[in-house]
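Each of the two complexes below includes chain A, the first together with chain B, the second together with chain C.
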Partner chain A sequence: MTADASHGEAPPEFVQLLTPEGERVQHPDYDIDLTPEEIRGLYRDLVLVRRVDLEAVALQRQGELGIWASLLGQEAAQIGSGRALTEADMAFPTYREHGVAWCRGVDPVNLLGLFRGVNHGGWDPAEHNFHLYTIVIGSQTLHAVGYAMGIQRDGADAATIVYFGDGATSQGDVNESFIWASVFNAPVVFFCQNNQWAISEPLEKQSRIPLYRRASGFGFPGVRVDGNDVFACLAVTRKALADARSGQGPMLIEAFTYRMGAHTTSDDPTRYRVAAELEAWKLKDPIERVRSYMFKNQIADQEFFDAIDAEADDLGRDVRKRCLALPDPEPLAIFDHVYAEPHRLMDEERAQFGAYLEGFEG
Partner chain B sequence: MKEFKLPDVGEGLTEAEIVRWHVKVGDLVKVNQIIVEIETAKAVVELPCPFEGVVAALMADEGETVDVGRPIISVDDGTDAGPGPVSGVSGSDSERGAALNDDMVPSLPKEERQPVLVGYGVKMGTAKRRPRKPSPTGSAEPPARPSTEPSGEPSARSYAEPVARPSAEPVARPSAEPPTRSSAWKSEPVLTGTEAAVETIASPGRGAILAKPPVRKLARDLGVDLTALTGTGPQGSITRDDVHSAIDAPPAPATARAVRAGADEERIPVKGVRKATAQAMVTSAFTAPHVTEFLQVDVTETMDAVRRLRQLPDFAEVKVSPLLLVAKAVLVAARRYPMINAAWDEAAQEIVVKHYVNLGIAAATPRGLLVPNVKDAHALSLPDLARALGALAETARAGRTQPAEMAGGTITITNVGVFGVDAGTPILNPGESAILAFGQVRDMPWVVDGQIVPRKVCTLALSFDHRVVDGELGSLFLRDIGAMLQDPLRMLAWG
Partner chain C sequence: MTILTLAKALNEGMRKAMEDDPKVLVMGEDVGKLGGVFRVTDGLQKDFGEQRVIDTPLAESGIIGTAIGLALRGYRPVCEIQFDGFVFPAADQIITQLAKMPLRSLGKLKLPVVVRIPCGGGIGAVEHHSESPEAYFTHTAGLRVVACSNPSDAYEMIQQAIRCDDPVVFFEPKRRYWEKAEVDIPTSSAGSAAWLPFDQGKVVRPGTDVTMLAYGPMVKTCLEAAKAAEDDGRSLEVVDLRSLNPLDVELVVESVRKTGRCVVVHEAAVFNGFGAELAARITEECFYNLEAPVLRVGGPSTPYPPSRLEDHYLPDLDRVLHAVDRVFAF
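Now for the complex of A and B:
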């Protein structure tokens, strides 16, 4: 077992531009020049998605959502990579990419609707270039590679990015997608958020080598980035997407981060991981380091931070209110999108189900 | 006034225990303020309040197990309307979900629900169904048997059996549409919604027969009449087991069957610590071949040593019990025979000999059996060991034992003597190779130098994993512990 596969060890190949203490550092291959306005924007994104996430956890605890997969701790990986996307790029998420959804302009209430069981996603993937959440582990990597091959054949100036976790790297689908992407030189960025835990399975039980090094076996570059550093995630993802768009093929980014919460609200992480590990990662919080950097460099003052906090609370209240007001779906709507075009069997089944529903009193 | 109903916080849970209230009547609460801690089969979780206002009533006590959907707190938010429909998923939606699951989850091996990490378990909640409109003929009679019934069908069919069957024609389809996919109708018994509905109202006299489609098929295959069965599943639905037992059991006289069906039995759900304990015990008992040996020991000298230790200033602040000296004896003996403090690694086909001792102490707690261990007990001085044992017992009794404190044990002592029994055959804590049961100490006639004299005597029982520990080694280990308790000076000599 190599040292850098164990929990919390910062490996030597780690791309980092902002330390946990908020110090700006340089990297020879990846750098980024951000305006104060852009930095304030990133900070706002981080705080707001965390607030939405907290509200969703609370709503689940109050019986308003069936389940919720919290992104707590992974905000920087998601906002950094999400803000690297251009409008034409296409993103394929898992079920935890609330931060990327935010960057793609998806209304958070739509995410909540899925977990409340009143919609199947509720947003139009084509409108946002953000695919529906995928619950099956890793299958979206195949969709993303297929989509990327389509981009390639269209000659479009775009790339795809696909999100998955450390656990998904053990899936056949993910490995198959690596092979296809490599062989066809597809414009796809594999963005793996290594949050150290595949539900209760630690990373060292899943891989003998750091995940980013797997890429070399498939024939494309891999890089590990500090997943709690929004600057580094933005810089590395931007570069990877630009390479993909310019015909240089796929790349694997391993964002080294930590799932601060439970796998989902149905899980109790205290049963399988020790509190000391959580405490160590708290010190690497993705938001605190940006805040500290902004303070030190006079990019923002207390007034700014207070205003963002107030905005976050308003957003939380708004999301709660609109979530509770989500209407129950029309029962017959389940037939609407089974086929893209009118379909005789669907019409028949719709009519039968309608007649069945008509059979009830009241 | 608003009421907060206990939500299903973990996908398919039916109940939770109230562990601790964080608020009391009269407190001001805000939205998302933590109000209560609950323990489910999966986890201890904190529930945030969905309302802002003043706590009007706590409707469940700490320690009480509450069904999902029951109101647990009411909050005066200034509105005087009755309890509003505040619960989304746990309310009507989940009921609808329950109805769907009951109908549509395919055959599950057991009706007991299993807690799951992901995905929905089987719902056992109350499914409410809206009443159906009267049948189109306006008659409450069961629908007439379809005249097209093939003559080969058994004549004794009950109305409760599914109407659809692999027949040549789409029988009993009230809708007049012609079957457009006749081949499918021929080959597959398809229940459309209308047919299913006809079926549930078709049982004369006793309301709907509830059974999932796979259970109905099983009954049909086995020739069991569902109307003759009493369901034991949710809402009295008939389960696979009900169908099987209808065939297995010869039709006993009704009186015999009804003897113990009533109020003098209590059914306790297996969950939480009980469930974990049961699994650990079964795993251990069926993976490690257990051998248990017994030894009666005269512990008069040990009891005297305990009394004298208590008077030493070093032990003024700590509890000195016979268990302390038993623990010390186990530590000394484990050092003499390291193989006893080992683990069988099936996967690696290796025996892992531990050169440290994490000494487990089985503790009866309000939450059930827990086996926390004293880490690196071999390196502790006697006062430190006494302190560690005391702290461990106190934590366990307070219910605050953390998973980490129970992990990594290497050998265990179970103090069955505190319950007033002499001996037992203890089951190994999984991952360990030996466990010592320490029986009660009592006055017994004992032969000393040819004379029968009253002495303090106790029984030691040692179970060991026979894959790791041979009979000889186990016997030597037990004999040495006995010798040390008979004459505590030996602890010094061997320690």
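Now for the complex of A and C:
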């Protein structure tokens, strides 16, 4: 089960602006005024990233990717927070932030490189202000805080956001990053996607209190948001980033969501969770509620939805085609970029291995 | 020429680096007001401010992790790990992130982070304060690992490490912090251009009969051994490796081909220590020149002992000379 073990304290609060049924609701602290065009844009983002994710799962099943970490179910948390960023803000992802990557303008094919095994990361972090995927759980939280300390020293009008999951909150690095951010009042937003499962371990293996409440012990605010509500995720993250940029320090956002798929394509969730749980969360789907809201409020017509579906299919086909065309690196690329400056051991071993390979030619 | 202790030479080197480049930061536990537990950063916070000399919370992983983030933003952090035995909480950030992120980015990211580690024993300290963890880091691709042995090199090498675009693990021989020597502080930048590159070793005492390979605190011990061996009519060539990764193989090979004998000396345990790599490389490159197997002098394969026993653990003049006798006995 995914219930919070609140131990007699007040029940968790929860920022929601759009119900699972597609009804707009108000919140005293957070609201958002979106134009129909912005709403259509968010819907498009949600559908396209889900389609890219679906294609990647299929590519893995067909042996074209070694593994894939699906974002299914977490689209609203990622698009809502990702669209809250300004160009100057810097994002530090885990390996599941395909939706945030989309918002930062990273070509989806570049996400596939590390899962296909042609590289460990295929985009320029500085070009997109989107750092490389970090696989060691929670390490990137410290990088984000350090980067935010750099922003402070530069006097720049920017903030960082760092993504991590519920499991990561048990890591020492994450807790150290909370301390650093608090002590130095760093402009960083901690965006925790609580998708209820750290591979097979449910939240109660990580925490006895709602995760967002951990922030108060470190001396900064925490808030829980409906992670399947793209409007709420956008509103809350936008406010947190604005506060961080204006010198009000860090904030923890717990996006309460659900990992609808497996941890990765190598995982089998039927071994540790019941089907009814997934069925319950399907009723809270992050895309359906936006679609429903748009229909009801005549923000889009069937023609729009059909066009987005067609665009998604085109994108899926394009991603597949270009994934298959990703070239395997040359063997001697093993020695490239290990060091930024000349390094004689690399030179020596590259030459030796090159000569060895040449022995097979001719 | 100025006479400086090794600690002060490092201090002057960092001061110069901070003057030269406003992006250079110093961070660590107690590095600010206190000036570090060994006073290596003494006075830097007073002169460069709290924004550039940062007293951090007491968490080593946090120091390295946030230094990585600062480097991603264009800064050049110089991190102090207070004692060798305390680097392990930071090992994950050093090994999985600092060392590998530039490769992960296909060269788009550079991480010019220096990790300063006072290392080695001989100061009568409690557990975790006397270790020699260099082999953990020389085994990690993506890191440069260097060790200074004297004030002059300390002054130059710390500046070269800070200027380097790669992450550098910088070992400082803590029991030599207070030893004094002349340091040539150049008055113009042209002076520093003539320094020996910090990835090269140096023959600190020429000789003809045995090559003594050492780095950090053991260089002085080897020099003392060379002086003592002179009385026995043996000429020891002492090589200060200075850089462990990359290793200056050319210099080592040149020396051993000349002498035909080699003794490696380090404080770290012999088993799987850095000397094992040296012995293997020398066997490959100098097989037909060797009069005797390469011998290694180091700590036993035990944890560092309580300080009342450290004189037995650490290689000293007698143990080094004993090994020299053995390479002649072959």
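Here is the rule we use: the second predicted complex is superposed on the first by the 346 of 362 C-alpha atoms of A that agree within 3 Å, B and C clash if a C-alpha of one lies under 4 Å from a C-alpha of the other, contacts with A are read in each partner's own complex, and residues count from 1 in each chain.
Keep in mind that, in the parts below, a contact is a pair of C-beta atoms (placed from the backbone, for glycine too) under 8 Å apart; a residue touches a chain by one contact, two chains touch by 3 or more.
For clarity, every value in this text was computed on a predicted model and none was experimentally measured.
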First, second, both or neither for A:Arg61, with chain B first and chain C second: first
Touched partner set for A:Asp268, first chain B, second chain C, both or neither: first
Touching partner for A:Glu303 - first (chain B), second (chain C), both, neither: neither
Contacts of A:Glu37 with chain B and chain C, given as first, second, both or neither: neither
Partner chain(s) touched by A:Tyr147 [first = chain B, second = chain C, both, neither]: second
First, second, both or neither for A:Glu330, with chain B first and chain C second: neither
Residues on chain A lying within both footprints (that of chain B and that of chain C): 344, 348
Chain C-facing residues of chain A, complex: 119-122, 124-126, 131-132, 134, 136, 139, 141-151, 153-154, 172-173, 176-177, 179-180, 183, 336-341, 343-345, 348
Chain C residues touching chain A - in the complex, by the definition given at the top: 51, 56-57, 59, 61-62, 64-75, 89, 92-93, 96-97, 100-110, 141-142, 144, 164-166, 199, 245-247, 249
Of all residues in chain B, those that touch chain A in their complex: 4-11, 31-32, 42-50, 87-91, 93, 97, 116-118, 120, 130-133, 175, 177, 180, 192-194, 197, 402-404
Chain B-touching residues of chain A, taken from the complex the two chains share: 54-55, 58, 60-67, 116-117, 199-200, 262-268, 270-272, 274-275, 317, 320, 324, 328, 344, 348, 352-353, 355-356, 359-362
